[in-house]
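The following pair of complexes shares a single chain, chain A, combined with chain B in the former and chain C in the latter.
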Partner chain A sequence: MEENFLSLDDILLSHERLPIRTEITFPRLGFLEKSSDTQDIAEGTKMELPLWLSKALYERKRRVLSVELPKVYREGWRTVFNADPNVVDLHKMGPYYYSLGSQMLHFDSPENPDIAQTLLQTFIGRFRRTMDSSQNAYNEDTSALVERLDCLEKGLFRSGQSGLNGFQSWEKGQATQLTASSLVLNYRKRKITDIQS
Partner chain B sequence: MFCEKAIELIRELQRMSDGQLPAFNEDGLRQVLQEMEALYEQNQSDVNEAKSEGRAELIPSIKLRHCCLLRNQRCVTAYLYDRLLRIRALRWEYGSVLPPNIRFHMCAEELQWFGQYKKSLASFMRSLGGEEGLDITQDMKPPKSLYIEVRCLKDHGEFEIDDGTVILLKKNSQHFLPRWKCEQLIRQGVLEHVVS
Partner chain C sequence: MDPSEVEFLAEKETVKIIPNFSLDKIYLIGGDLGPFNPGLPVDVPVWLALNLKQRQKCRIVPPEWMDVEKLEEMRELERKENTFTPVPSPYYMELTKLLLNHASDNIPKADEIRTLVKDIWDTRIAKLRLSADSFISQQEAHATLDNLTLMEINTIRTFLLDSLNCMYKLRSNLQPGSSKGKFADY
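Then we have the complex of A and B:
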């Protein structure tokens, strides 16, 4: 699955750091590796690199670096997800659980089929609850419902809520009422809090 | 690690996810471009060394710096593009005259872009609907009547309607006005549509 070049979300998710091991030397870049004082990054160094760099440097045929799976995608956590996906706090487990997981498949780990399967099953297991709550929480504080969702699920929840609110306002006959633009309302809200503080 | 400044630009936009436009971060942009220049120059010198002295082991580092250059380019492009999308939305949300506090957040090139977008939109609208053109930024919600009841939320001074009468828009006054005249003022938060 390819990243969207201009998507702010994709850029932020590819900023996540991964534990890697270099398989060749990178001369003159020793300053990137905080733990040692060498001029070069030696072969076999364990360090962390962001996903975007790991992806760009990784080559299937040659050994440039090897990427370790983050904890959430390893067997231990996969068993937990497979047992009951609804219990997990996906916001804490790195807010981009699904997207980052899909990107991890890029590194040809032998566990890829299992990872892919767990990602899919977790999503399927949690989707029903997300959809239900988004369609039934009207005019209330939804922070408790949303706090354990990952970013993808939050987006779905928001769509569900906007659909629900649109329908309710139509039922009340408010669909034809002209309103101030949301930018204006937000600006006014911020001005009031500025004056109060 | 390289490209930290670039990701800060992205985070700045991500923080204001409701379409608001933060101030143009000229400083941040300049820092990213400076980092790109430094990376490029180092790569130039390493490439020359690799070629002239046959030092192929420098190539992985050259590739790494190149990836950083591409990453910075991606972040800068996404930053500028996302801002343009927000600025374009302003024309539809707010109208063709932007309030000074928003204009203040735009750089000169963005203001220029906004002016050109307005012109394109205006000439497109003129080309529709026969001789008079069609204002497609009106009637964003299906209209139910020609005239609507509005209440004034703040003092806006005098307001002239098509038949020449002048209305004084004072705070809390209520008026019965043609819909097409009020739509923009309602969107800007000056008037409030009263539905009985």
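Then we have the complex of A and C:
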């Protein structure tokens, strides 16, 4: 799945760090790795690189580096997700669970079909709760509901809330009332009568 | 789409009024509006009916479906059926709100009617959410949308379309190599 070049969420996502293992030496790049003081990065070092760099350097044939799956996508956590997706706090597991999972599929691990299936099933399992909470929480503090959601789900929550708020404000009759814009109130524009006097 | 836009579209429906003034036939672009004679009922669009009512020039006759017994039957039918039942009018929610806000003195038992319509609306919205949930959880490709009104579709539209988009992206992960490089967003 390709990243959307212009999406802010995808840009922030590509900063996530992945644990990798180098397969060849990187001469004179020792300053990138804080733990060792050598001038080169030796073969077989374990480091953390951001996603954008790992994706660019990854090549199946030349074996520059090999990426390990972060823990959330491994066997242990996958069984937790298959058992009950609603229990997990996806925000703590990396706020970009779904998008990062989709990007990890680039790195040709043998567990790819399982990862893809788990992502889909987790989304479907959590959908009901997201829908119910977004459509029923009118005029309340929603921070408790939102804090366990991943970024993708937060976007869905927001669009559900906007539909609900639109309908409720129409029903109360607020849709036809004219209110001063917040910019005008904040800047307190001077009236012509103040200037003239 | 805004709920206000849906309300605007609803104002095109016709309703019966009894004017207390007289006027010859008027010819508008949308159609002719018949001669107005005091005391004789005439069919006009809702926007005109509300305007005349606010100027105290007419009395609005409630539509046939806006009756306590009929709405109670509809509510019971809605609760029994699993699918959506035919609605009293494709704009029942908007017409209820408009007519009950402006012309509640012409409509008997206005509060009960408001409660009944709200009950019908809540039942339908609950059914809509249930069917959206089963749509997503079973990953069906299409669903029938009989007897849904525009207002109901409008409240759920953004949410459902966004979640279906997310699902599509996650599902395309299951087929590796089929979509690489094909979709470029400009």
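FYI, the second predicted complex is superposed on the first by the 178 of 197 C-alpha atoms of A that agree within 3 Å, B and C clash if a C-alpha of one lies under 4 Å from a C-alpha of the other, contacts with A are read in each partner's own complex, and residues count from 1 in each chain.
Definition applied: a contact is a pair of C-beta atoms (placed from the backbone, for glycine too) under 8 Å apart; a residue touches a chain by one contact, two chains touch by 3 or more.
Every value quoted in this text rests on a predicted model; they were computed, and no experiment measured them.
Touch criterion met: A:L6 reaches chain B and chain C at once. Shared-chain residue A:N112: touches chain C; no touch with chain B. Of the two partner chains, neither chain B nor chain C is touched by A:A83.
Touch criterion met: A:V184 reaches chain B, while chain C stays clear of it. Once the two complexes are laid over each other on the shared chain, residue contacts for A:W170 go to chain C alone; chain B is not touched.
Across the superposed pair, chain B and chain C both touch chain A at residues 5-6, 173, 175-176. Listing the residues of chain A that touch chain B in their complex gives 5-9, 11-12, 15, 24-29, 32, 49-50, 52-53, 56-57, 64, 173-188.
Chain A contributes residues 1-2, 4-6, 98, 102, 105, 112-113, 116-117, 119-120, 123-124, 127-128, 131-132, 134-135, 152, 155-156, 159-160, 162-164, 166-167, 169-171, 173, 175-176 to its touches with chain C in the complex.
Listing the residues of chain C that touch chain A in their complex gives 2-4, 7, 97, 101, 129, 132-133, 136-137, 139, 151, 154-159, 162-163, 166-167, 169-174, 176, 179-181, 183-185. Across the complex, chain B meets chain A through its residues 1-3, 7, 10-11, 13-14, 18-20, 46, 57-58, 60-61, 63-64, 67-68, 70-71, 74-75, 77-78, 81-82, 90, 93-94, 101, 140-144, 148, 182-183, 186-189, 192-193, 195.
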